[in-house]
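Going by the order they are written in, the chains are A, B, C and D; count residues from 1 in each one.
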Amino acid sequence: MIERTDVAAATAMFEEVKNWGRWGPDDERGALNLITPERVAAAAAGVRGIVVSCGRPLPVIPAVDNPTPAQHMMVIAGDCLDATGVPGLETALDYVGVAFHGMAVSHLDALCHVFHDGLMYNGFPATDVKSIGAMRNSVMTCAADGVVSRGILLDIPRLRGVRWLEPRDTVSPEELDGACADAGIQVEPGDILLVSTGRDERRSEFGPWDPLAVGMAGLAPECARWIREHDIAMIGSDGVSDPLPNNDNGWPIPIHMCCLVAMGVPLLDNLDLSRVATACAAESRWEFLFTVAALQVHGGTGSPINPIAII
Amino acid sequence: MIERTDVAAATAMFEEVKNWGRWGPDDERGALNLITPERVAAAAAGVRGIVVSCGRPLPVIPAVDNPTPAQHMMVIAGDCLDATGVPGLETALDYVGVAFHGMAVSHLDALCHVFHDGLMYNGFPATDVKSIGAMRNSVMTCAADGVVSRGILLDIPRLRGVRWLEPRDTVSPEELDGACADAGIQVEPGDILLVSTGRDERRSEFGPWDPLAVGMAGLAPECARWIREHDIAMIGSDGVSDPLPNNDNGWPIPIHMCCLVAMGVPLLDNLDLSRVATACAAESRWEFLFTVAALQVHGGTGSPINPIAII
Amino acid sequence: MIERTDVAAATAMFEEVKNWGRWGPDDERGALNLITPERVAAAAAGVRGIVVSCGRPLPVIPAVDNPTPAQHMMVIAGDCLDATGVPGLETALDYVGVAFHGMAVSHLDALCHVFHDGLMYNGFPATDVKSIGAMRNSVMTCAADGVVSRGILLDIPRLRGVRWLEPRDTVSPEELDGACADAGIQVEPGDILLVSTGRDERRSEFGPWDPLAVGMAGLAPECARWIREHDIAMIGSDGVSDPLPNNDNGWPIPIHMCCLVAMGVPLLDNLDLSRVATACAAESRWEFLFTVAALQVHGGTGSPINPIAII
Amino acid sequence: MIERTDVAAATAMFEEVKNWGRWGPDDERGALNLITPERVAAAAAGVRGIVVSCGRPLPVIPAVDNPTPAQHMMVIAGDCLDATGVPGLETALDYVGVAFHGMAVSHLDALCHVFHDGLMYNGFPATDVKSIGAMRNSVMTCAADGVVSRGILLDIPRLRGVRWLEPRDTVSPEELDGACADAGIQVEPGDILLVSTGRDERRSEFGPWDPLAVGMAGLAPECARWIREHDIAMIGSDGVSDPLPNNDNGWPIPIHMCCLVAMGVPLLDNLDLSRVATACAAESRWEFLFTVAALQVHGGTGSPINPIAII
């Protein structure tokens, strides 16, 4: 087990799990290369037709875990039916805007979101992410066709028999194995892993807390090796996959660093996994067809998302 | 055939196709009620695993068909690796914002987007769409769980043997029948209909044009009756479904008015259907599992989207 | 002395200080009508040439008193010298955006910002402030030509011999008289009154606090009568003029209500008066030419500002 | 006379007018150093009390000269009097946002807005303008205390006896001399020069045009030498000071390059000088106290402004 504070072990693991060059020197898709039509077809074949969102509502209300709220403003509301000047064209319009990274918005982290020693996935330099947008590893690799694969929900609180994991708690690779076994699922290359820590349940009970101060549950660093061994294509969590607060040892977020930078595995942060957990429990089925439809933003570092589980 | 200028016919059709009260006096889901788990499962069963996006890139460049461009700005780019102050936390962040209605952004129109005589779907008043957001018929009805159903692509230029429909041209109900027959598809309640007019092909050839001045191809008004008869759940187009320019007779956009207001059928505007058309042609298969993952915006009138066809 | 909780007294005072109709039934300029070229010329005549800003930096960092931070993002930074495509056109561009009302941004409150019983200044209905902008009493009345008049700084902590006023403390009309006497100033119609409570000094010492929870110093309600008697044209403060937290008795912010609604006196909130106080003390002169250059926003409810004192 | 296309002459002039090091190696204020309290007091002494804005309304409507419109959206309008939840707190709020550089917004160009050969004023590198904001030469040098000095209006169309200058036309240094002589003004160090080309008059007559395609009138390159010889502190124009379209010879905007980069003279673009011209003509007085209150944006490249002439 790698302690979060163990710099040497983190460094070694980072090198060990690296996928740089695995799909060619110009590759920007990373672990998405692991998803095949056969895998998608297989996941679709088992679908029963239950559709559940894994995204949170866009958080427009300031809160201690939402210091830079999303924006939603009407351009024209229902009080101005003659605003268009076209007879009979009665319409309401609005605007949405969001700096989506952070700890409140359900979002996808593209491979250009995080660097290690000035480099991003496949060895491209951080300076390729310019003020006008990322030239490499942008969200377009995830958004150009969307990401669809088998999703697997690992409900850790359920496995432990608790309602939620406490802040700063970590999930071990052994627990990932245990959850898979409990669900009767054999992980396969190209799968998308969703790890619930019960964050939403805890937030409903106690209200919001500051994840950077109080902490948030996440994956132990060593889970990166597990992710690599199983050739997972994408990881999602109701937190930010890494436990918080950040380390101050130069490896602040080892899961992000190993997944995004070393392996080329995009991340999904701040999902709401409570509803899909309920639906999965009702069906006694923890796998589904999972779709992630990031917005197509040229040069973007990610996207707000509303992933859908089709159980 | 209803002429676009025939006010009496439009009024009569509006009343005829109305679904108000059909799913109860408080219903806000409209034709989405037609989608059942059985229909989703049936659509999934045929999936071959080919994943194609039907969304356009977020249009951040001003153009004659994009007068209020979307915003994409970096909050931190790769030139500021020490910006976070946390050792080793090297990150790039960005912001996206968009007033998505219009003629450039791939977006979903929620049922609160358009009114007729001060009313929206199911008879709720326009004044329920307030400056702080819609109290009724908001995008949450589409976004709370995403929308998933069978999608059907009707490629009208292919049917006609042309590369695109000219601006102001209209597609008749008979052509919709013809396209379905040609594709060997029997439309069923809850299906999502995607109608290609070849807009992107034409734009690639000639560059952008002003749809309000030059016009844009769309569905003849009478198609609304066809949509009602077939109990379509949602309509998408590479234009805005209605032909442009707007009528000035009090029925500026009869398809919008009949779909959104009378029937409760959400619309998808400004899709890029060129790639899915290519993929469908390659597979000789014009139906697929179709997913629309609108952002969950409380009170929103719609959402930018990146719909995914899983063929 | 009117207690903040005395509803009857507040109601009576509101009626007593009303300027509705004073400058005609269609007037939207309110107390700005009191400013004359003669007053401006007189204020300019005494200028010694010392220029001091009374605005705060745009607050882009989230804080407990800044829950919806202003936005500042580069569109092009210095890392993309060839971004324009024009040879030699090396440029950096940025974007600023702000929902300026609140307790962090230096801003002007236009007369359409606050209503009482559904009415705003001069009796116009709140419904004239539409989702597309205010049809009446917008910031244009302040911004079309800017506001320039004599400014008077009343430094209450200095008068009391303290560094700052504690949260929830109030300044009485008698103190306003005392501060004027102490400064050797005879207030005249059309003057702009700036009242310092030492907020910035306190914030520098203790860091930010939540004004709605902890409170903030301001003017006692009865100061509204004083403002009316002296025919002040505009009031500014380092807080929001009203003491906080809001009353919950239907008169949440009596100074705002009496100034904006009854008298037509625009307000300046969240100024930084510490530097002008230092400069005034150095010059032993508490009056100056004061300029407020609100952005010209058609239909706006106010504007971020950077007022300038020319001592 | 330097032709716009004469690269050697432009290069030589750039070197000749340079103020780098003139106010020390760390100076970021440039020509603002030329403004003294004495000059401000002298300008104030002549004030008659007529206040005129030189800013345009914030341009929120898309137009051919406004491809990225400013944003103005209500957060709460007058249709939601109970939105705050505080009894009696009836309020309307809004948001303004703008990428202000361009050809529609009245704005200030800070010294970090333009580079030449990768350097900005006083030799600081362009890379000091980072994606998180400018570390050097930001708008704070203009905004920290506002800019106040004597303003001089040179109304070139009036001098020529025309209503406006045609697009691409240039104003020569000799005309600047002539306009000063005509106005009976002796230019002095620290003055702010406002040059009207009649753009707003032309726009009122013909509607908007695309300045990059059709062109816009401005100062001949050699005016830069005139500006340096007269030690002007700031230049403003109803265009962008440089004539358009841009040169494609590596000196796209010589006035911008010489003023911002070589001399450290901030620029004011897209002013509305029509009203101040009318007022000056009525007073037969072409000088006034001029105030520029840029927003205090840390790291900003400029600011939207509403400058005020106090005649």
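The rule is short, and it goes like this: a contact is a pair of C-beta atoms (placed from the backbone, for glycine too) under 8 Å apart; a residue touches a chain by one contact, two chains touch by 3 or more.
This structure is a prediction, so every number in the text was calculated from the model and none was measured.
Peer 1: Can you list every chain in contact with both chain C and chain D?
Peer 2: Both chain C and chain D are touched by A, B, going by the contact rule given at the top.
Peer 1: Since chain A and chain D are copies that touch, is their contact same (over half of the numbers shared) or different (under half)?
Peer 2: same
Peer 1: Among the chain pairs C-D, A-D or A-B, which one reproduces the interface of B-C, with more than half of its contact pairs identical by residue number?
Peer 2: Within C-D, A-D or A-B, the interface duplicating B-C belongs to A-D.
Peer 1: What whole-Å value do you get for the distance between chain A and chain B if each is reduced to the mean of its CA atoms?
Peer 2: Computed from C-alpha means, the inter-chain centre distance equals 27 Å.
Peer 1: Counting in whole Å, what is the centre-to-centre distance of chain A and chain C, each centre being its mean C-alpha position?
Peer 2: Each chain reduced to its C-alpha mean, chain A and chain C end up 44 Å apart.
Peer 1: Hunt down the residues of chain C that sit against at least two other chains at once, touch-wise.
Peer 2: In chain C, 71, 74-75, 77-79, 95, 127, 130-132 touch at least two other chains.
Peer 1: Chains as vertices, touching pairs as edges: which of line, ring, star, complete or other describes this one?
Peer 2: complete
Peer 1: How about chain C: which of its residues touch chain D in the complex?
Peer 2: Touch residues, chain C against chain D: 36-42, 44-45, 47-53, 55-58, 60, 71-72, 74-75, 77-79, 81, 86-101, 112-118, 125-134, 140, 143-148, 246-253, 257, 289, 291, 293-308, 310.
Peer 1: So in the complex, the part of chain D that touches chain A is made up of which residues?
Peer 2: 71, 73-75, 77, 79, 95, 130-131
Peer 1: Provide the residue numbers of chain D that touch chain B in the complex, in ascending order.
Peer 2: Its residues touching chain B are 62, 67-69, 74-80, 83, 127, 130-132.
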